[in-house]
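In this document, chain identifiers A, B, C and D correspond to the written order of the chains, with residue numbering beginning at 1 in each.
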Amino acid sequence: MDLNEKIDMIGRLYLGLEQIEDCKEFSALIPEVRTNFVYASKESTTPGDVLAVDGRISVVDGFPKAIGRIKFGASGYMAHLLLEIRKKDSEIRSIIDFANNPKIAEFLKAYCKGNGWDFSVVDRRFEPENMKDAEGEAISWMVEEAIQATGGKMPRVFYETGALGKEPVSILTGKDPLEVAEQICKLARSYHESGQRTR
Amino acid sequence: MDLNEKIDMIGRLYLGLEQIEDCKEFSALIPEVRTNFVYASKESTTPGDVLAVDGRISVVDGFPKAIGRIKFGASGYMAHLLLEIRKKDSEIRSIIDFANNPKIAEFLKAYCKGNGWDFSVVDRRFEPENMKDAEGEAISWMVEEAIQATGGKMPRVFYETGALGKEPVSILTGKDPLEVAEQICKLARSYHESGQRTR
Amino acid sequence: MDLNEKIDMIGRLYLGLEQIEDCKEFSALIPEVRTNFVYASKESTTPGDVLAVDGRISVVDGFPKAIGRIKFGASGYMAHLLLEIRKKDSEIRSIIDFANNPKIAEFLKAYCKGNGWDFSVVDRRFEPENMKDAEGEAISWMVEEAIQATGGKMPRVFYETGALGKEPVSILTGKDPLEVAEQICKLARSYHESGQRTR
Amino acid sequence: MDLNEKIDMIGRLYLGLEQIEDCKEFSALIPEVRTNFVYASKESTTPGDVLAVDGRISVVDGFPKAIGRIKFGASGYMAHLLLEIRKKDSEIRSIIDFANNPKIAEFLKAYCKGNGWDFSVVDRRFEPENMKDAEGEAISWMVEEAIQATGGKMPRVFYETGALGKEPVSILTGKDPLEVAEQICKLARSYHESGQRTR
């Protein structure tokens, strides 16, 4: 990619991260595996074309915190997932992962409905046996399932049920990190408020 | 605990962390959920008596990196696990978790044998159904199983097979963070070398 | 400024900082007051329009390290100096400060000559007495002096001799942070080599 | 030094730093050269026996922040100053530096009087000419002057007036980092309140 695209990508991911680091409510949605927030170049084909947070995003003093620098190639799984999603919908250039459990799942269903967003659940119990060791194929299967569940469109939010030895996570997709950050922070604040109401 | 014990604990965990941050080979053993490294006070009864790394230990620029400050109460699961282990063997005051997969499992078995260390595997498929939602009871069951497998002693190293939605991790136990850091770094370097040999 | 300019500015300063953090030789040029690296928006009029490193750039483990986030308004003195320089030459949008002492001064004189760069020394002994407490006026006087010394052009590099209670620093100017970072790293490596030669 | 002393020293400096990082009011007292906070071993003779903060303490997001790890040998000037002070009073094992200007100087005079603390001012205009380039001798001269001004005792607080090219700083001395941190935070809060009152 050329220098201008690189500059633009870093500026957008940096500003998106700033929003997330300032959103205390997102801490409650950071999964055990920690969050990554990734952004693919226009012509991305490999993880080396995907900008990510080295060391992921953890929780420090109650706030989300980007651990290392933002770098091309700093993510494996999330970069692969984004590349696979872009094969189906190249408008999507940024995704973030966050926690999932029955309470969050219920919230997400209602939240997506309220926002008119497509939403899918991928049930990994139906994952073909022979894919379990081939990460690439398993990701491709998951993306296909997420699309089938909405009747053909890549959903705005989807989550997978956990498999053996794998923590389930939710994914939010968007066109760039500014959009993804804005939406995930809104979602996190709404989830926080829903918890307050039910207490 | 009194101020002198607090000072001593922080000094030991700080020096242990320093060893780990300087051990590049340990990066390959940091699990998806990231590592925590915890140290219980002599009279510990709650996670608030257990010193841990806020934000856990991640990988940055290829090296292990402690994310936040070391703090009492900064760990949940690992603190509970250590408290449960101490009910069986109060000499153990520090533990660290690290990755597990079939390749690591095979290495660990040989490594522990070579060092004359007790070693157990806890098969979570046999975990009683009714415990799955009660974290405290599940931890207590796991510790019992780890001890039974060695014929009655808390093992130096044990790992659990993964459960649905849970990444399997390995645990190394020791009397203080200096010992644990020294042993986990030796183990990590030995694992790294074993990989070099088999290529 | 609009969002696109903000994104572009952050991307450029981030990439410039990355170059500097990777340039070990620059550590030897970080002054006691630490370095700041600033970048003004096109229409900048106040320090709030100048991007800078919160907490400045210090030395950690022998390498330059940006301490906090990059932020508009995070610098006082360096932002004011850049705004004053831009009144004379609006093409200059980024500056960095670095150490000065007799050895560095001698090197700089030769280095600038070798590169065909304008270079000035501002002798603060001649600073008008009545300005000493008015930071704004003192900066303005210094910029005028730096320009007079070159015969009318803003120099690429200038330094001030120390005043009472003030560490002397050198300044490198450029059109954007990528250019400034590239030039300061070249300069730092050349200074490092010159030290090796004279030993 | 033996391992137990090392552990104890790290624990105390870590806890002292924690107090300082939590004291927002101290930010206003961090000088341009940034602060260091140092702690000498009982038998210290060289800077390698003095624990300090690598990269010093800067201001990030309005709070004091220790930049790098705490390390033996991470300070030059402050370590030398502490070693020189200890030749006169070996009970002093920890010092911290902070800003000085006419307003702070006036506050310090009153604050020390109120606390019954010895306090000195070292006027660097009287520094012998031939010492200006010999850091070691200049430090030794400064310590002598600070003691003479109190009539023979090392003062709790002293400051130097600025010399050409040197920012003036104030020094607080104590027996260990816990005491120094507690006292400097009290002082910083008192200075903050005094500023509020005079507005």
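The rule is simple: a contact is a pair of C-beta atoms (placed from the backbone, for glycine too) under 8 Å apart; a residue touches a chain by one contact, two chains touch by 3 or more.
A quick note: this is a predicted structure, and the numbers were derived from the prediction, not measured.
Undergrad: Please identify the chain with the largest separation between its CA centroid and the CA centroid of subunit D.
TA: It is A.
Undergrad: Using the average of all C-alpha atoms in each chain as its centre, how far is it in Å between subunit A and subunit D?
TA: 48
Undergrad: Indicate the whole-number Å distance between the mean C-alpha point of subunit A and the mean C-alpha point of subunit C.
TA: Distance between chain centres, rounded to whole Å: 40 Å.
Undergrad: Which residues does subunit C have that touch at least 2 chains other than itself?
TA: Each of 69 in subunit C touches at least two other chains.
Undergrad: Building nodes from the protein chains and edges from chain pairs that touch, which of line, ring, star, complete or other describes the result?
TA: Shape of the chain contacts: a ring, since each chain touches exactly two and the loop closes.
Undergrad: Where do chains touch, given as pairs?
TA: Listed by label, chains in contact pair as A-B, A-C, B-D, C-D.
Undergrad: Can you check the complex and tell me which residues of subunit D touch subunit B?
TA: Touching subunit B from subunit D are residues 6-12, 14-15, 18, 69-70.
Undergrad: In their shared complex, at which residues does subunit D touch subunit C?
TA: Touch residues, subunit D against subunit C: 32-34, 54-56, 58-61, 65, 67-69, 161-168.
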